[in-house]
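Letters A, B and C mark the chains as written, and numbering starts fresh at 1 in each.
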Amino acid sequence: MIESYLPVLVFIVLAMGIGVVPLLAGFVLAPRRPDQDKLSPYECGFEAFEDSRMQFDVRYYLVAILFIIFDLEIAFLFPWAIVLDEIGLFGFGAMAVFIGILLIGFLYEWKKGALEWE
Amino acid sequence: MSELIELAWIVAKIVALVVPLFVAVAYMTYAERKVISAMQLRRGPNRVGWHGLLQPIADALKLLMKEVVLPSNANRFLFVLAPMLAIMPALAAWAVLPLGEGIVIADINAGLLYVLAMTSMGVYGIILAGWASNSKYALLGAMRAGAQVVSYEIAMGFALVGVLMAAGSLNMSEIVHAQAGPIWNWFWLPLLPLFVVYWISGVAETNRLPFDVAEGESEIVAGFHVEYSGMAFAIFFLAEYANMILISGLAAVMFLGGWYSPFHGLPVLGPMFDWVPGIIWFCLKICLFLFLYIWFRATFPRYRYDQIMRLGWKVLIPVTVVWLIVVSGMVLTEFGPWF
Amino acid sequence: MIEKVIFYVFAGILLAAALLVITARNPVHSALSLVLVFFTSAALWLMAEAEFLGIALILVYVGAVMVLFLFVVMMLDINIAVMREGFSRYLPLGALVAVIMVLQMLLVIGAAGVDLSGFAEATNPALSETNNIRMLGNVLYTVYVYPFELAAMVLLLAIIAAIMLTLRRRGGTRHQDINKQVRTTKAERLRMVRMASEQKNEQ
């Protein structure tokens, strides 16, 4: 089984390399004439007047947390999906209960307005 | 010694995949400009080479010769790392995609899971690029893109679960084998709602129009890669287009029968098209989806951000959950030719 | 042979990255090192033939959990200098926790019989030939159905807790209520006013 993952490993390493080589080529071949205006962060015509790393709406974090939970749910669904015809109705029932419980959470977040962006 | 030969063989296969992929990316940009200009009654690029066919090469050379600007307040290490993190998953996911009968670099059992894991890593390049640039527009674009990509990944994951149930395997080649037969044997028909959801979330995952608020030229100039120039920008560009082709390839494998011809197994038409290699069919299917990408870009106006999030969470996810229940019913009753 | 080399390379990267997590000055760097830690441990799990768990580790931890970490670390403007000050103060306590954890792990291994050769059974060829995701699926939803449903309860709890902790309605924001828009009636939007027609200026 591991042998079949060797190409994957090689591919990942090569893909990193493919990212590095053009960048290096860019640094080597392209001119480098930095000046202050060129290097300052882009703004629409005026000086950047504060640090751009601002605080963000908590909603972004909420989306990230909910994403983790649903991602886990998907991870649970994957093995279930491929053995469904082997585990039959009992397996279906088990997953129905699982999804049912999480559906309560989904409805709760819907009703609470956690999915609204304003 | 034999291990070295094996390694060289693997590298050769990867090069044989990546080089055509890059050419495809280059000419995808050309096709995009030509098709959109045709839709807008313009001519599009027609100066460099015959009908502008050398335009992508000229563009690549130009990007190569442009200065890579490192903004003064940027975190240099992360600024350079971000494009690499963007392109790595976009390429690495190709390892498990079967291009034809037995033509696959890594035929692993957990193929689809691997693809999902790789695409979920694509968000790092975007978030890091936005944060490392230390620019307002970049950060805004990165946050939007981050939240959007993760939201649509859920809908996409659920849609893929339907494919798994129908195919009964995570292996990409076996998923295609499960669809052997003419066009109505493919999964797009029984899984039509999931197919649509997958495609919409695929477009959103790649931050393409009409879901391109992360870049939104007219709002936040170019979003997360506003500070990138030269080759660093080119890598983001490459990653975006490689991702588009990847999403199209996945759609072809999971819903449109991969390398099978639409007439496979039919009495008269089937043998008539037997001489066409499977990889040609596969590429044609990819082209179909890529054309859809371009078509969308030319016709749809941009969604507003709250509309995007609403579509992802309140429309796509409920639709997939309902259809998963229907599919499990079909699997348990072994319905039709599909299950 | 090549497997051993790959194992030690990954193990080395894992340890170095783990060390970087706690020593890096920039919190974003430590978060990224943690990503690398998860990635390499996923590779190690794969080498131990735990195919599903390995890739699920990347999917869930690298693809989801660390994205949240990065969101938080990037946007909270953590003052690094203040955090540094505590380092030496918390070091003894941290070391104590680490020692206890090592002891616990040893106890777990000890419970399974200190004879480590027992682990070789887990990787016997008969097992690795069959698809290990399929095997996992066959038992998870039947034999272990009770813990499986408990996991659903834990996730539900997490959803509710996350919403309770983070959701605040800000005042003064405008947003579109689609239902209200669709359900609107003529009476709400249109007001008929009866007024005398304007007259031409009287002369």
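Convention: contacts are C-beta pairs under 8 Å (C-beta built on N, C-alpha and C of every residue); 3 or more make two chains touch, one makes a residue touch a chain.
For clarity, every value in this text was computed on a predicted model and none was experimentally measured.
Enquirer: Which chain wins if you rank chains by how close their C-alpha centre is to the centre of all protein C-alpha atoms?
Expert: Closest to the centre of all protein C-alpha atoms: chain A.
Enquirer: Looking only at C-beta pairs in contact, point me to the busier pair out of B-C and A-B.
Expert: Output for the comparison: A-B.
Enquirer: Need the CA-centroid distance for the pair subunit A / subunit C, whole Å please.
Expert: 10
Enquirer: Quick one: report the Å distance separating subunit B from subunit C, using the average Cα coordinate of each chain.
Expert: Centres of subunit B and subunit C (C-alpha means) sit 24 Å apart.
Enquirer: Nearest whole angstrom, what separates the Cα centre of subunit A from the Cα centre of subunit B?
Expert: Averaging C-alpha atoms per chain gives centres 15 Å apart.
Enquirer: What residues in subunit C touch two or more of the other chains?
Expert: Expected reply: 51-52, 56, 59, 63-64, 67, 71, 74-75, 132-133, 175.
Enquirer: Which positions in subunit A are in touch with at least two other chains?
Expert: Touching at least two other chains: 1, 5, 53-54, 56, 60, 64, 67, 71, 74, 78, 82-83, 95, 106, 116-118.
Enquirer: If I count partner chains per residue in subunit B, which residues reach a count of at least 2?
Expert: Residue numbers touching two or more other chains: 108-109, 113-114, 116, 120, 131, 143, 146, 150, 153, 170, 306, 310.
Enquirer: Per the contact definition, I'd like the list of subunit A residues that touch subunit C in the complex.
Expert: The contact residues of subunit A facing subunit C are 1-2, 5, 9, 53-56, 58-62, 64-69, 71-76, 78-80, 82-83, 86-87, 90-91, 94-95, 97-98, 101-102, 104-106, 108-109, 112-114, 116-118.
Enquirer: Any idea which subunit A residues touch subunit B in the complex?
Expert: Touch list, subunit A to subunit B: 1, 4-8, 10-12, 14-16, 18-20, 22-23, 25-27, 29-34, 36, 38-43, 48, 51-54, 56, 60, 63-64, 67, 70-71, 74, 77-78, 81-85, 88-89, 92, 95-96, 99, 103, 106, 110, 115-118.
Enquirer: In the complex of these two chains, what residues of subunit B are touching subunit C?
Expert: 3, 75, 77-78, 108-110, 113-114, 116-117, 120-121, 123-124, 127-128, 131, 143, 146, 150, 153, 170, 306, 310
Enquirer: Could you list, by residue number, the parts of subunit C that touch subunit B in their complex?
Expert: Listed in rising order, the residues are 1-2, 26, 28-29, 32, 35, 51-52, 55-56, 58-59, 62-64, 67, 70-71, 74-75, 131-133, 175-176, 178.
Enquirer: Can you list the subunit C residues touching subunit A in their complex?
Expert: Against subunit A, the touching part of subunit C is residues 3, 6, 43, 46-47, 49, 51-52, 56, 59-60, 63-65, 67-68, 71-72, 74-77, 128, 132-134, 136-138, 140-142, 145, 148-149, 151-153, 155-156, 158-160, 162-163, 166-170, 173-175.
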